[in-house]
Amino acid sequence: MTALDSLLALLLLLLAARCVSARSLLQAIVAFIVLGLLLALSWVRLEAPDLALAEAAIGAGLLGVLLLGTWRSLPLGHGNERIPLPWQGLRPALITTGCTVLAVLLTVALHQHPEQAAMSGLAALDQLDAAGVDQPVTAVLLNFRAYDTLLEMGVLLMALIGTLMLDSPLPRDTELPARTMLPATLAQLFLPLILLIGLYLVWAGAYSPGGAFQGGAVLAGAGVLLILTGFGEGDGRDGWVLRALLAGGALVFTLAGLLLIPVTGAFMAYPQGLVTPIMVLIEFSLALSIALSLLLLYTGTPGLRRRGER
Amino acid sequence: MSMLLMLIPALPILLALAALSGQIGRHGANVGVMLTSALALLVVLLDPAPLALPWLLLGTHLALDELSRVLLFCAALLWPAATLAAGELFAGRDGRRFGMSWLFTMAGNLGMLLSQDLASFYLCFAVMTFSAYGLVVHKAGNEAFRAGRVYLVLSIFGESLLLAGIFLLAAEGGNPAVTDIPEVFAGMDRPQLAGSLLMAGFAVKMGVIPLHVWLPLAHPAAPVPASAVLSGLLVKGGLVGWLRFLPDQETALQTAADLLLILGLTGAFAAALVGSLQQRPKTVLAYSTVSQMGLLTVPVALVLGGRAETQTMLPLIALFAGHHALAKGALFLSVDHWHGGRWRQLLIVIAALGIAGLPLTGGLVAKAALKSATAAPLPLLITLSSITTSLLLLRFLQQLSADPGQGNRLPAFVTAAWGLVLAAALLLPWVLADPTVLGYALSGAGLRDAVWPLLLALGVALMLRRRRLPTIPEGDLVAPIECALRHIKALLQRSIGAIDPQDLQQRLIASVRPQRRFRVALARWSMTGEQQSLAAVAIIAMVLLLLLLLT
Amino acid sequence: MTGIEPLAVAAAGLMGIGLYGFCLCRHAVRRLLSINLFGNGVFLALILIARRLPDGPDPVPHAMVLTGIVIAVSATAFGLALVRRQARTRGDDET
Amino acid sequence: MRPDVLPVMLVFLPFLAGLLQFIAGRPAPRLGNVLVGVNLLLVLALIPGVADEGAIVANLGGWSEPLAIHLLADGLALLMLLLTALLAVAVSLYAMAAWRDQHHDALRFWTLWPLLLGSLNALFLSRDLFNIYVTLELVTLAAIPLVLLAGPGKTVDAALRYLLFALLGSLIYLAGVALLYAQAGTLDLALLADALPDSTLAGSLGASLIIVGILIKAAILPFHVWLPAAHGGAPAAVSAILSALVVKAAAYLLLRLWSGPLDPLVTPAAGQLLGALGALAILFGSWQAFRQERLKLVVAYSTVAQLGYMLLFFPMAVTAAWQGAVYHGLAHGLAKGALFLAAGNILLYLGHDRLREMRGIDRPLAVSLLAFGLAGVSIMGLPPSGGFTAKWLLLTASVETGQWWWTITLLLGGLLAAAYVFRVLRLAFLQPPENVPDRPGMVPPPLMAWSATVLAVLAIVLGVVSAPLLELLGSPVGGSE
């Protein structure tokens, strides 16, 4: 197995080097996307399939589409530059030395194992029964360290607000649907399936790999597919319902935390019998917010509409 | 009751802030100063218990001590008299600025007398020093700005010495109260360093030669009432500082204290002689202050050097300082009163000769007290100093009478306030001095010692009246220094071209202009890569460097 | 555990290459890519760290990675929107 | 109400307000102003508890020790919260007047600003390494869109640069957190110091990465490259928040981590390095501020310089230095807020902020001028301002520890600060008006002028009431003495 690991590691490093050194920006982006997929593969091998799912869907998929879209909106040849190789000049040489030393030190540091095992992790696994979900990662995200997740929803929302302020949507591709009907047909076939997978992932998050983030990402992927195939597009107007859905994840989270203070006596503590329903409610609202936010981050517009609708 | 102590500096500060926003006129300032002074008098009479305000600044202690009680009394008389005399200065275009400086100076002055901990004292002292700059340059002419410049340079010099000393103290004992000072010094490795720094820093304010040069420049340049408080009250800040923040009887400071003693005595004579050759009455008075402060330095130096008992010296230091504050304040104010009639002229003559030690005046008592407590040869020297002092004050009277004056009529209450200060100057020492001193002052020997220097001085003055005397420029030592600086500047100009402060800044900026153009270009995104990648490289370097230092 | 873990080398390498790219690239998209490379290295390292628990992976670093990915992607998306806007402003200037 | 509800409210009420504002889609400045008022009251309500017990801890979710997330309000956090709350009130009042007629910008401001306020509160209250990472990102991503409020075309370069450095900084920080977690198995600041094994490479490397990551976020020289353009280009109210609070928050973290969880790892030599960086920042930043031709850039570079003072704690590491550094943060926050708001008023009135072209503007802008002057007093460190108290404490510390070189730095820094403050005053205010050109702008409304002045006066008052605040702050948790 180490051989496969070594191969993966080698490929990852080569792709990373390619991503940095490629003269053409497009090649760099492609290298980055492939690297993301390989990374996801390696995470599966490291007993983190749910993270691999997230990386594949968000880190490689959505980000990849965004990178490619941005590349297309740049003037031709923009961003193509020759990155000096380590031996081409004093500064690259120095930087390479520094980075190499740092990488070696990091490697050594990553191999240092302390005597005692991770205290927090053990505690999390011990208290899993009280968390209302069976899946440890979901338990940490939505219960043990729910505060982090809530703040993270804030990050997502603010990145979205910032993006919308810029008013620079991705360029729309008008030719693609006209050229061939195949993608549209495929999309029609696959879309219900994708939606179903997404919802299942959210639901399954409580018991097995999956969860609000992965499910949300897949739902967002479905949305991206719809847009790419010309069924929907970004809209310059938004409505309060959409905004409420966007803010909904954080809002439900906050309100559940605040309103239950009198009942449980602590913030973000849920009453014994209601843990699982509350978890599910939070998961779905989070997933919806995440999906919509990622989709709007992709289109760069405040609203969405069906193609051709005004 | 003790809260009164807090009100005294607080009230003028509030007034000053009101003045800053232009919300206060001449009357507001007058009423405010009166009120503050009334409070101060109340405090002097009631002598309230010390007040500790741990929440204020770094923990403030306010209290009266033997010296500050007398000086606060003098301040409570002199500030209103000077404020009334300032009258018109509070009005008009520059009135706001003057009012602000005036009130802040007053707040600093009164606060300094009351504060018994290092931080508050320094704060008040600094406020007083820097606000007074506004008073010195108020007339805004070339002379005023020159005087202001010299004042500022010396003040900053003094303040930096002080700060250095204060930080040494603070490092040892945080923000020590006055009562903890001996302990703090005892715990220090090098008490003489901190002690000398503080001694020198306060010496600037006291006008100890050769740090006195700001006095003869600032006094004639400032408006008359400002000179009165400057000479009467502000210079005493140095005295208070010496006595509060230097340990008495500390052997480590003996050398420094002896040096101070010598400088004080030298100043007492030299300043009087230089002053006798001056042209303008206010300059003469300024030198008189330098001379008198030199005399006052003597007992302080004796105490600090451990050559005299603190208990015996402190009352007479207070007596001398209080008398000088009132008399000098009154004399400065009298510059406006000389042409107001014979009675006033007589009063002025008495006040002037009082400082020299005319029999039956407070000045005689003050000097007698000083002589009674010192060992030979100091009494003789003090008696001799009466000669030079008399010469100086005769010169003052002569120049004052020669001065054409403005001849404007002053309102009655201004005169009344001035008269009150004058009367207090004459009477105060009689109240404060103890019976043995009074006995000596009234005895035959005492009277003889008082009269002969005066007569001698009068004779010399009459003899020299018709002679052409050499003149010494105001601010004596400043003139050669300025001259030297001018020469150096001229030399530099010849070698590297004209230097003018404004131009210098332009050139400093221009010298980096090419780089600036580069930076402007860099400000465009396309070019900023350079600066940013340097920062990025620094990230790697910093991680490695920190790691190196952490392991 | 003995010997060198190849994926730990990869994690450290990704961080090193990310920093290298950030130092030498000029274009904003490339810098964003470099930052994400660095981020991926950190995430990989966290997942490796999670494997130290005897019974099953440690969920805490996993949760950190998930949070980290979402944050990194949203910030990068915002950065890309900034780049597009910048290009548009440039374009307007040039015409 | 139990005291530990207060920290929770401090984080979540602003979030709630921001979210509601986002959904409402119509600017509601009143809501924002009520919020900052409530925020201030909540902080004030925290004071007695912290003064009595030293710290208030809120356990989120009620889980047990190594796992749970706690909010911690101790003296240090409380002072920063207080600073934030005071500035929030002034800035909100200012913003209400500044964006009165602009629907779009007002909406964005009143959405982002409560979120930023909540994020800052969350950052100051945090007691968890990863939590700090998230709040740092939250603060950054709320701050950058605010910079864009100046008009995206103008500040997009600055915003992008800011984002790149901030993103890299936080990922470097996260790498450090990962290494420390691997060693200690916990993220809780209170447990970390004991859980860390002695002198491992991983521990030291983790600490270095964390420190460098925060240094980038705090714009400490040489990582300041993103700051001047962003702070100088943003609208006045936003610049005030950024300079006074956002970068300060990162510097605060450094103080907290250094004296807490990193205490077993740090060495005096590393302290000297950070101190040297601080000194460099002071000298270089002040010099740059002196050279600038635009008022807001002067103020922005002044921030680069002033942040350096907070780093002088690390080499000296005694109580006086601790108090001085924190106090400097407070005083600088208030004074810088006032400076930026005042500069904004001048910009509004003149339509530009070029120093050489602003003469004789003192009459219509008297109140803003007063604010600028008073804040300048604190920046220069003249008595009796808060800046003076801070420098006093730092100087005392440098004498106490016998590290005279910091004394020189402090004095030089004060002189340079005086140089650039007086240069502005001389160029802009003290010269008489000569052929006054047509002024396109308007006289700032009283609310805008007075909010700046109130901040400046507070910066002075801070010097007068230092003793109780310093007592509240106490000494560094793990530091010497």
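Quick notes on this one:
Think of it as A, B, C and D in the order they're written, each chain with its own count starting at 1.
By our rule, a contact is a pair of C-beta atoms (placed from the backbone, for glycine too) under 8 Å apart; a residue touches a chain by one contact, two chains touch by 3 or more.
Just so we're clear, the structure is a prediction, and the values are computed from it rather than from any experiment.
Taken together, subunit A and subunit C share the touching chains B, D.
Of all the chains shown, the one with its CA centroid nearest the global CA centroid is D.
Averaging Cα atoms per chain gives one point for each, and the point farthest from that of subunit B is the centre of A. Mean C-alpha positions place subunit A and subunit B at a centre distance of 71 Å. Centre to centre, using the average C-alpha position, subunit B and subunit D are separated by 40 Å.
Chain centres here are Cα means. That of subunit A falls 31 Å from that of subunit D. Centre-to-centre, using mean CA coordinates, subunit B is 66 Å away from subunit C. Annotation for subunit C: residues 15, 19, 22-24, 26, 28, 45, 49, 52, 60-61, 67, 71-72, 74-76, 78, 82-83, 85-86 touch two or more other chains.
Multi-chain contact residues, meaning those touching two or more other chains, occur in subunit A at positions 91, 95, 98-99, 102, 105-106, 110, 113, 117-118, 120-121, 124, 145, 148, 152, 155, 159, 162, 166-167.
Among the residues of subunit D, those touching two or more other chains are numbered 67, 130, 134, 137, 141, 144, 152, 156-157, 160, 164, 168, 172, 175, 179, 181-182, 187, 201, 205.
Taken as a contact graph, the chains are fully connected, with every chain touching every other chain. Those residues of subunit A lying in contact with subunit D across their complex are 105-106, 108-110, 112-121, 123-124, 127, 143-148, 151-152, 154-155, 157-159, 161-162, 165-167, 238, 240, 243-244, 246-247, 250-251, 254-255, 257-258, 261, 264-269. On the subunit D side of its complex with subunit A, the touching residues are 5, 8, 12, 15-16, 19, 22-25, 58-69, 108, 111-112, 115, 118-119, 122, 130-131, 134-135, 137-138, 141-142, 144-145, 148-149, 152, 156, 175, 179, 181-187, 191, 195, 197, 200-202, 205-206. Here subunit B touches subunit A in the complex through residues 537, 540-541, 543-544, 547, going by the rule given at the top. Taken in their complex, subunit C has these residues touching subunit A: 1, 3-21, 23-27, 29-30, 33-34, 36-37, 40, 43-45, 47-63, 65-67, 69-78, 80-85, 87-88, 91. Chain contact summary for the complex, subunit A toward subunit C: residues 2, 5-6, 8-10, 12-13, 16-17, 19-20, 25, 28-29, 32, 35-36, 39, 42-43, 46-48, 50-51, 54-55, 58-59, 62-63, 66-67, 70-71, 73-75, 78-79, 81, 83-84, 91-92, 95-96, 98-100, 102-107, 110-111, 113, 117-118, 120-122, 124-125, 136-137, 139-141, 145, 148-149, 152, 155-156, 159-160, 162-163, 166-168, 170, 211, 213, 290, 293-294, 297-298, 300.
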